[in-house]
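What follows are several structures.
One chain, subunit A, links the two complexes that follow: it is found with subunit B in the first and with subunit C in the second.
Moving on to the complex of A and B:
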């Protein structure tokens, strides 16, 4: 059994093509497809059948990872609408945004010196997650209004948040290790 | 990811890390971000008589190559006129640091930062 590798990730999982995602529906559809197309089922098949099974599995996995991530899902939706991304050339020049990113990173550097570092990082983490969530909402609004340039700028900004949240998480783990 | 010797040198001993008061008339501030990786870079120049850059500082939150590119650039621009500093190309930085192709965008970021800093300084005059 094979699947159409040209269909969109949304079609693959039977989900509506929109930014708002039903996490449970995605998880259920993913599990079902994963089971149906598991490479083990084709272990005794021809090399051709094994090769196809691997392609299908990798398609399903990429589709799941893309839709699961709020940033990649946003980027994918734009690319379905003909908006191109060029990692070498795209830039973010919104000064106040970059300034605030810089300040957040400086704040993160300083949490270790706070009187209660875990408290300080909790607060920072909450603020950053809130901002990130608000940014996702503004993406949904811009996308639905067909303002793709604006929506693309938001997707680019989400990457800075992804990076920042990753660094916050690392620092949290370091602080927790130190606290033991 | 393995970094070259020159990148490691700047990474371990970054030159001119810090900041100037961005509101100061003799200071130009360039702030740039790379959405490919989420790096943020701030590069500042202090400009003296005759449009000569007398000092430069940077702060970069990013990978080793981005830190090295901005660190190297602050060394290079000191003593240069604004026009000379504008001439610095990302390829010069990439070549000096022996950046691999996947890290060339870090040197582009540094070039954008110095250009933005010069623009900022000139817009204040």
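Moving on to the complex of A and C:
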């Protein structure tokens, strides 16, 4: 019993090819597939069976992570529609967006001076998450409307948010360490 | 696919017969064994009625071995031949033990391979052998209590135990003559003990396991869904536990009795003993009378809570991080399970309850809960409950990455990624005509190579000479369900490949993982400045490379001697600046060189512009 490693991640989980994701349906399909294919199920099987189980579960795990991540899911949808990405070169040229990203970064640098840095960073984090979420919604609209160029620009912006949120997380951990 | 059922000799396959299986909690301080009897899981006591077996092994003069309470008593008198806390050494290499050796009272034989050996009067012993003595004692206890031979066991390990530590645990079990069905993560065992996976609303349920033992603290977040357990994140502090509560009370006793500066070992010992008594008494009293030598007084709960607060707060910060690592909000956590004897302290329960905003689960004895969960799982794997389909999904405990140019680490598989996983990343050559590339595999959360743990290093050779950036080298990381890593590298245009299986014979300990993660946070600032320096160095190399290759082509045509000399001087200055460890110095030297080269660059563009334009549509140049 194996699965087709060429099928799309959406087909794998039996989900509609769209940006809006049913988290519960994905989780349920993921666990069902894992339960069937996990190498633990083949602990007393042949090496061949174990190797296939390893390959299949890796595919399932990658598919799950891609669809679970709002940015990777968006990117994946575009790539299914023939839109290519060049990670080295592609970047957004929206100046007002870049300005607002810089402002967010400055705000992040300043949280350490706030009277309660952890509260300050929580607030910043909430704002950033909200903006990021709005951006995801605009992706969904652009994608559904077939405006792939516009949609690609949004994906590039989502990458900025991902980095920013990563930095917020790092800063948060540093602040926590200072508090310990 | 049909699974082969392989029966071991002497193993009954009669379907109706209850097969004897046990769960073992192999702990740093104490170990337990439990079994399901008449549908109920419970821990098994020894002949004296004790359930906890101290994880201490003593090698006697007559060649005998004693385990448990008897051995523990000899810790004061026969230290060198009495081994405690062997779990901390499991799966570690000699080189790793050295830093620890100063703190451990044992003599290590450093001559042999990777596995550290402790010299005792019974000869050299490894942590695996010591652990197997503990497991043997529990096996004997179980077989005499249950009245038959065991067919299988489930042994628990910390969730962040890496492959080497898991392997070492398995080896110890094999040495003890146990058939291991499965190693189970301790937090998962605790969740199983409470039957949290069996509840009707168990879909996508997130639970937190708060485990405060004698000397260690761990927190894990698990996701449950129809019998599937997923470890979402783990965190901990390997040097924080119930003993620290005793310490703060002891210090208070010494201060109150005016002996804070004493170094009299007897007084300190008396203070520790009294502190422990007071802590236990305060579990169900508002205040307790205490004495130290001549001094008498009383310790109120409020006072104790104030003393304990900094310790409890530390554990909650670790919880906060684990919650974020899991990518969830505190409100989404459905249950909090308390594990470890120190969670009996009411203030700990109160503060944990406040933090997660729900009362923690405390019904099962926190010392026994892990062993009980292991027993339930063992019963299931023994085939005594054929209808269950419980499955545990695991994650990587530390990030895995590669060295990139400039001594930086590029993370390929971040920590807490569900395994098995395969992930590929493309790299390219940095220099013209580069024919080989070193693949250096690293583990850890830090950004630089020196501060990460090196797992393997191998070379991909035979790359056809191409201009820098043209080769496409795909490096693939594969982590299997047991956490073992394999790495493959392939040059895609030619298909030249090489691979290595990264299988360290030892692993990182819980403490090391903890301290590696911690120091990555502490040094994040230093990392950033180091990263800046490295980026500037890479930039400098790029500029030098570009200049050299340009000058080799047309410097003589386009520059006069003075211009050429000025450029060479600027180049020299940059080479010198490169040796400094100051990012700003390097940066300004790059700027200076670029500035000096401006005329040259302009002339090159002029002379090349026609060729450059011929391939483009003119509109491209308008914007």
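In this text, the second predicted complex is superposed on the first by the 173 of 180 C-alpha atoms of A that agree within 3 Å, B and C clash if a C-alpha of one lies under 4 Å from a C-alpha of the other, contacts with A are read in each partner's own complex, and residues count from 1 in each chain.
Everything below uses one rule, namely that contacts are C-beta pairs under 8 Å (C-beta built on N, C-alpha and C of every residue); 3 or more make two chains touch, one makes a residue touch a chain.
All figures in this text were calculated on a predicted structure; none of them were measured in a lab.
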Superposed partners subunit B and subunit C on subunit A - clash or fit: clash
Contacts of A:170 with subunit B and subunit C, given as first, second, both or neither: second
Which superposed partner A:92 touches (first subunit B, second subunit C, both, neither): first
Contacts of A:54 with subunit B and subunit C, given as first, second, both or neither: second
Chain touching more of subunit A, residue-wise (subunit B, subunit C): C
Among 403-411, 493-501 or 511-519 on subunit C, the segment whose C-alpha atoms clash with subunit B after superposition: 403-411
Footprint of subunit C on subunit A - complex, ascending: 1, 24, 27-28, 31, 34-35, 38-42, 44-45, 49, 53-55, 57-59, 61-62, 64-65, 169-170, 172-174, 176-177, 179-180
Touching residues (chain side subunit A, partner subunit B) in the complex: 87-88, 90-93, 95, 97-99, 101-102, 105-106, 156-157, 159-164
In the complex with subunit A, residue positions of subunit C that touch it: 1, 3-6, 203-204, 225-228, 313-314, 317, 320-321, 324, 389, 391-393, 417-423, 478, 480-481, 518, 521-522, 524-525
Sites on subunit B touched by subunit A in the complex: 31-40, 42, 59, 61, 104-105, 108, 112
